[in-house]
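Please read the structure below before turning to the comments.
Lettered A, B and C in written order, each chain numbered from 1.
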Amino acid sequence: MALLPFLVGLTTLALIYGLLALGLNLQYGVTGLLNFGHVAFFAVGAFTSALLTLPPKGSAAYLQADAHYQIGLGWPVPVGFLLAGVAGGLVALLIGATSVRLSSHYLAVATFAMAEIVRSVLTNEDWLTRGEFGISNVPQPLKDTVIPAAVYPYAYLAGTVVIVAVLLALTVRLTESPYGRALRSVRDDELAARSLGKRTPALKLGAFAVGGALAGFAGSLWTHSLGVVHVGQFVPIVTFQVWLAVLMGGSGNAYGALLGSLVLMTITQSTRFLGNVPFLDGLTRRNPSFVPSLRFVLIGLLLIAVVRFFPRGILPERPRRPRRRAVSARRRAQTGASGGSGATDAADTPDTPDTVSREDEP
Amino acid sequence: MTALLQTLIFGLATGAVISLSAVGLSLSYGVTRFINFSYGEFLTLGAYLTVLGVAFGLSLPLAIVLGMLAVGVAGVVLARIFFDPLMDRGFLALLVTSVGLAFVLQNLVRMVAGSNPIRFPLPLMRPWHVGALFVPKVPVLEVAVALLAMIVVHLLLTFTRIGKMMRATSDNPALARASGISTARVLAATWFLSSAIGGLGGVLLAMTQIAVQPVMGWSFLLVVFAAVLLGGIGNPYGAMLGSLVVGLGIELGTTYISPDYGHAFAFVILVLVLLLRPRGILRGAF
Amino acid sequence: MRRVAILLAAVLTTVALAQGGAIKVGLLLPFTGQYDWVGANVQPVAQMIADQVNQSGGIGGRDIVLTQGDTEGTVDAGFTAAQKLVNVDNVVALVGPTSLSFSGSKQLIQDTGVPMISPTAGTTELDKAGTKYFFRTVPSDSLGGRAIARAATDAQYLGRSQAFTSPVLMVAKSPAMVSFESPLQNAFQSYGTPLKATLEYAPGKPSYRSEVQDALSHNPDVIVLVGTPEDSVRIMQAAFQAGYQGTWFVTQDQTNADFIKLATPQLANGIYGLEEVASPESAARNDAFKKQFKTYSGKDVQIFGTNTYDAMNVLALAMLRAQLKDGQVTRATVAQNIRAVADPGAGKVDVTDYASGKKALEAGQEINYQGLVGPVNFDQYGNITAPFAIRQVKDGAWTDVTILPASALQ
C-alpha cells in the first residue's frame, strides 16, 4: 500500500481548500458577509492562471499535446499565480459591488446566483475555456526539467505549504491590524460601526476582494497541481465544502479555517473506505449507488451535527483583548447580536430570540 | 408574432411550475426566517412518492394527494428533529443544517430508488390548437393546479385561524408571541403547509420533465430561489409574481438570446432586479 | 483527528484481511451527482463478468474484486477517487473513467502506469490522448458522429426511399455530449447535406419547449439528438406537442430498451438509433448477453452495458494471460497483455467471452477477443473502430435496419 503518495496528494488538495477557507473566513468569519458564491473566485483564478501560462496556440508544445484551445500566453507560472489572485479579487470586487448593500438573506442567494452565472459563462464561452471539454495540458512548473515526475507531488506539496503559510501569515496580520478590527466591528455591530464613522460598505468590499484574491490563488494552485482546468469542477458543492471547513475549524480564526479543511478532507476521503467494508460491499450488488450515497448521507449528517453540537468549531476565535471582549459581550447581550458568526457566537448568547432580526438589517 | 405568443405561453407554463414551489418556500421563510436549501428535496420526495403510489396501483390523483400529505408530515417531522432545536441559533445555523439535510435526503432517495430516471406516469397527450398556436395540455393542467392551490393558500391565510396566526407570526414574531399565539403550533402548521405545497410542486415539476431523478429538486431549487427573492422574501404573493417573471425570462432568453444559457437567465434577472430593488419587486416581509 | 486516524487504520486493516489474495479492479466512475447513472449502469455488468471469472476458478486461483471509486461528477473527486484506488487499494487496473473524471486523474494514472479500459469515455478529447496504458471499448464520438451523418444522408442505410435533406442538430452542453458536435457538423458537410442548424442546449432543464420551437423553425425532416435519455425524451415530447412530423436520429446512449420505456413506444416509434456491433453474427451474441444479464440481475442492459461487457472481458483475459505467460498479474503485465488478447494476429483463435478465451489460453493458444461492440482491436492510441448497426423503433422495440460497415466511414 502506497499510503504516502495518497496522503501527499490529498494534503495538497486539502491545503488548496484551506486557502479557499482562509478567504471565506475573512469574508464571513471576520467581516460577517454571507458569501455563497465563493466557487466563482476559485474558478476565475484557475482559468486565469491556466490561460496565462498555457503554451501559445501553434507552438511546439501545443501541437505535441494535440491541444485545441484558442488562448494561451505562455507566461511564467508565478505571473499566472499572481494575476490569478488579482483576477479573483477583481471579480469579487465586481460581485461585491453589486451586492454588499443587500441584507444577509439576499446576499447569500445573490452570491450563489452570481456564481452560477459565472459557471454558465465559463461553460458556454468555449472560445475562452473550451467549455465542457476542458483543457488538459496546463503547465506544471519545473516538472521534468528540474524536478523528476516521480517526486513531483512531494515538491508540489512543499511549494503549496510555503505559499499557504505565507498567505496565512499575511491574513493573520491583516486581521490583527486596525483594519481587521474595523472589519470585525462591521460583523459585530454594523450600525455601531457606521455611527463611529466607519465606511462599512468600503470595508465589506475590501473583505470581499481580499477573500476573492485568496480564492483566486487557490484556483491557480489547483489548476497547476492537476495539470487541467475544467468548468465541471466549479459547482456549488465546492462552496458548501468550504463553508463546512470554516464552520468546523472555527469561524473567525484563520488557523481554524485551515485545520477545518484538513479535517474535512480526512472525513470526505475516509468515508470512501465504506465501500471496502465487506458487509456494505455486498449491498452494492443490488444498487451500485447505495454505498456512495450512504457516504453523502453520513457527510450530510456530520454537517448537521457540527452545527448543532460544535457551534464554535475546533479552534474557536480567540478573544481579542480582555477589555474589548467585555465590551463586545455586553453589547451582544444588549442587542442580542450574533453577528456574522451566527452559528458560532450564539453559543455564548443563549438569550437571543432576536438573533435573526439583527441580521435583517439591510 | 406567433413565435412570440407561443414563447409567452411557454413562459406562463414554466412560471406556473415554479410558482407553487416558490409560494411554499416563501411561506416557510415568513415564519422560520431562513433560506431552506433542503426544500428542493421535498419536491423530489413528492414526485417519487407519487410514482410509488401509482406503482402500488393507486390512481394518479389519489397518489398525488397522498404524496402531498406524506411530504407535509415528513416536513413537520424533519423540522422537529433538525430545525426546531436550532430556532434560537440564528439564520446561518439553520441554513447550513438545511444544506446537510439536503445531502441526506437526496442520497437517501438514491439509495432506495437508484440513480436512473423513472418515467412519471402520465400518458402522452396531443395539444389543443388555437389558430396557429398550440397549447399543450400538461402545462394547462399545471397552471390550473397551481392557480387552484394558490387560491386555497390565499383563503387559508386570510380566513382561517391558523392562517391568521401564521401571518401574524410572519409580520412580527415577538408581537405574535406576546398576544398568545403558540409559536410551536404555528411552526408545525407552516412546515406542514409549505412541505405539502412543495410536494405538489414536485409533482408539477415531474409532469413537466417527464422523468423523476434524485437530483431533480436540488437542480430546480435555485430557480425557485430566484423567483422567491425577486418577489421579496416571505411574501407569497410576491413569489407568484416572481415566478411569472422568471418563467417568462427563461423562455424569452432561450428563444431570443441563446438556448445554451438555460436557467442562467433567471439569475441574471434576479441580480438586475436586486440592484434596483434590494428587497425584491414587492418588498419582502423582511 | 486521532480518533479519525485510528478509525481509518482499523478500516484499512479489516480491508486488508478481508481481501488479501484478491486481484483488485477499480471502477473509477460517478456513482453520485449529476452523472450517477453511469456508475450504476456499468457496475452490474462488470460484476457479472467478475463473478464468471471467479466461479471458473479466478485468475490463478485469485478472485477478481471490484472496488468503487466515486468520481462524484467533479474533477477533483475524480482525482481523490483515483488516488485511493491507485495508491491505497492498489488496484491492478481501472474500468473507467468518464471524460470528466479523466481530467482530474490523468496525471496520476500516467505517472503510476495503471492500465485502464474505459467503457464510457467517447469524447474526442481522448482521440489522441492515449498512452500505452489507456484503452477504450467505446468508439470515439468522432466515429459515432460520422456514422450518424453517413446513414442519415444515404437512403440505403435507412431502409427508406429517400435520404434526409434538412437535418438539424440539437446537442447538450455537457462533457459527454458536446464532443459529438463538430464530428457531426463536419461529416454532414462532407456527405453533401450540411446541417440546417445546430442548437446547443443547457442540459437538465425541466422542459425544452422554446428550444424545440427554435429547432422546428428550420423545418427539419430529421433532428439529430445528442443528450441524456431524460433530456431527449423532454425534447421529443415537446416536439410532438408542437406537431413535428419529421423523425429523430439518436446516439448509442438512447438506443436501448430503457429509452423506449422512458419515452413511451408511441413517442419513440420510427426514430433511428445507432449501436456498435461487431457483425451480423454478433447481434445474436448481443441478444444472448441481454438475456444472460436479465437472468443475472433481473434488469435490462442499460447504456454502456455492452461496452462494459467487452472492457471487463478484455481485462480478465489480459490478467489470465499475464498469469499464464508472465507468472504474475501486475499493472505492467496486464497493460502489456491487453493488446495481446484483443488485437488480431497470425494463428490467433477468435474468442467471444471469458470462458472460451480461458479454454484457448490454457490450451496454449493465442487469442483475439471479438466483442459485442466490434472486433475490439486497439489502434496506437487505444481506440477501437466499430461497424455500426442502424436501428429503428418499430412496434415498441429496436429492430435492425442495416449494418454500416467500418469501411463506409473512411
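Here, contacts are C-beta pairs under 8 Å (C-beta built on N, C-alpha and C of every residue); 3 or more make two chains touch, one makes a residue touch a chain.
Treat the numbers as computed from the prediction; the structure is a model and nothing was measured.
Q: What is the chain whose Cα centre is as far as it gets from that of subunit A?
A: Most distant chain from subunit A: C.
Q: Is the C-beta contact count larger for A-C or for B-C?
A: Comparing A-C with B-C, the pair joined by more C-beta contacts is A-C.
Q: Just give me the whole-number Å value for how far the CA centre of subunit A lies from that of subunit B.
A: 30
Q: Roughly how far is subunit B from subunit C, centre to centre by C-alpha average, rounded to an integer in Å?
A: Each chain reduced to its C-alpha mean, subunit B and subunit C end up 37 Å apart.
Q: Provide the list of subunit C residues touching at least two other chains, using ranges where the numbers run on.
A: Residues 31-32, 36, 39-40, 173, 200, 202 of subunit C each touch two or more of the other chains.
Q: Would you give the residues of subunit A that are in contact with at least 2 other chains, written as numbers and ranges?
A: Residues 120, 123-124, 287-289, 293, 295-296 of subunit A touch two or more partner chains.
Q: Please output the residue numbers of subunit B that touch at least 2 other chains, ranges allowed.
A: 107, 110, 114-115, 260-264, in rising order.
Q: Could you list, by residue number, the parts of subunit B that touch subunit C in their complex?
A: Against subunit C, subunit B makes touches at 3, 6-7, 10, 13-14, 17, 107, 110, 114-117, 119, 123-124, 126-127, 134, 136, 205, 208-211, 213-215, 219-220, 251, 254-255, 259-264.
Q: Considering the complex alone, what residue numbers of subunit C touch subunit B?
A: Within the complex, subunit C touches subunit B at residues 31-34, 36-37, 39-41, 173, 199-202, 204-207, 209-211, 213-214, 217, 229-230, 233-234, 237-238, 240-243, 258, 261-262, 264, 266-267, 302.
Q: Inside the complex, what are the residues of subunit A that reach subunit B?
A: So the residues of subunit A in touch with subunit B come to 34, 98-99, 101-106, 108-110, 112-114, 116-117, 120-121, 123-124, 240, 243-244, 247, 287-290, 293-297, 299-304, 307-308, 311, 338, 341-343, 346, 350, 352-357, 359-360, 362.
Q: In the complex, go through subunit B and note every residue touching subunit A.
A: 33-35, 82, 85-86, 88-93, 95-97, 99-104, 106-108, 110-111, 114-115, 173-174, 222, 225-226, 229, 233, 258, 260-264, 267-268, 270-271, 274-275, 278-280, 286
Q: Where on subunit C does subunit A make contact in their complex?
A: Touch residues, subunit C against subunit A: 1, 4, 7-8, 11-12, 14-16, 18-19, 31-32, 36, 39-40, 42-44, 47, 67-70, 72-76, 79-81, 83-84, 86-90, 100, 103-104, 106-108, 111, 123, 125, 127-129, 173-175, 177-179, 200, 202.
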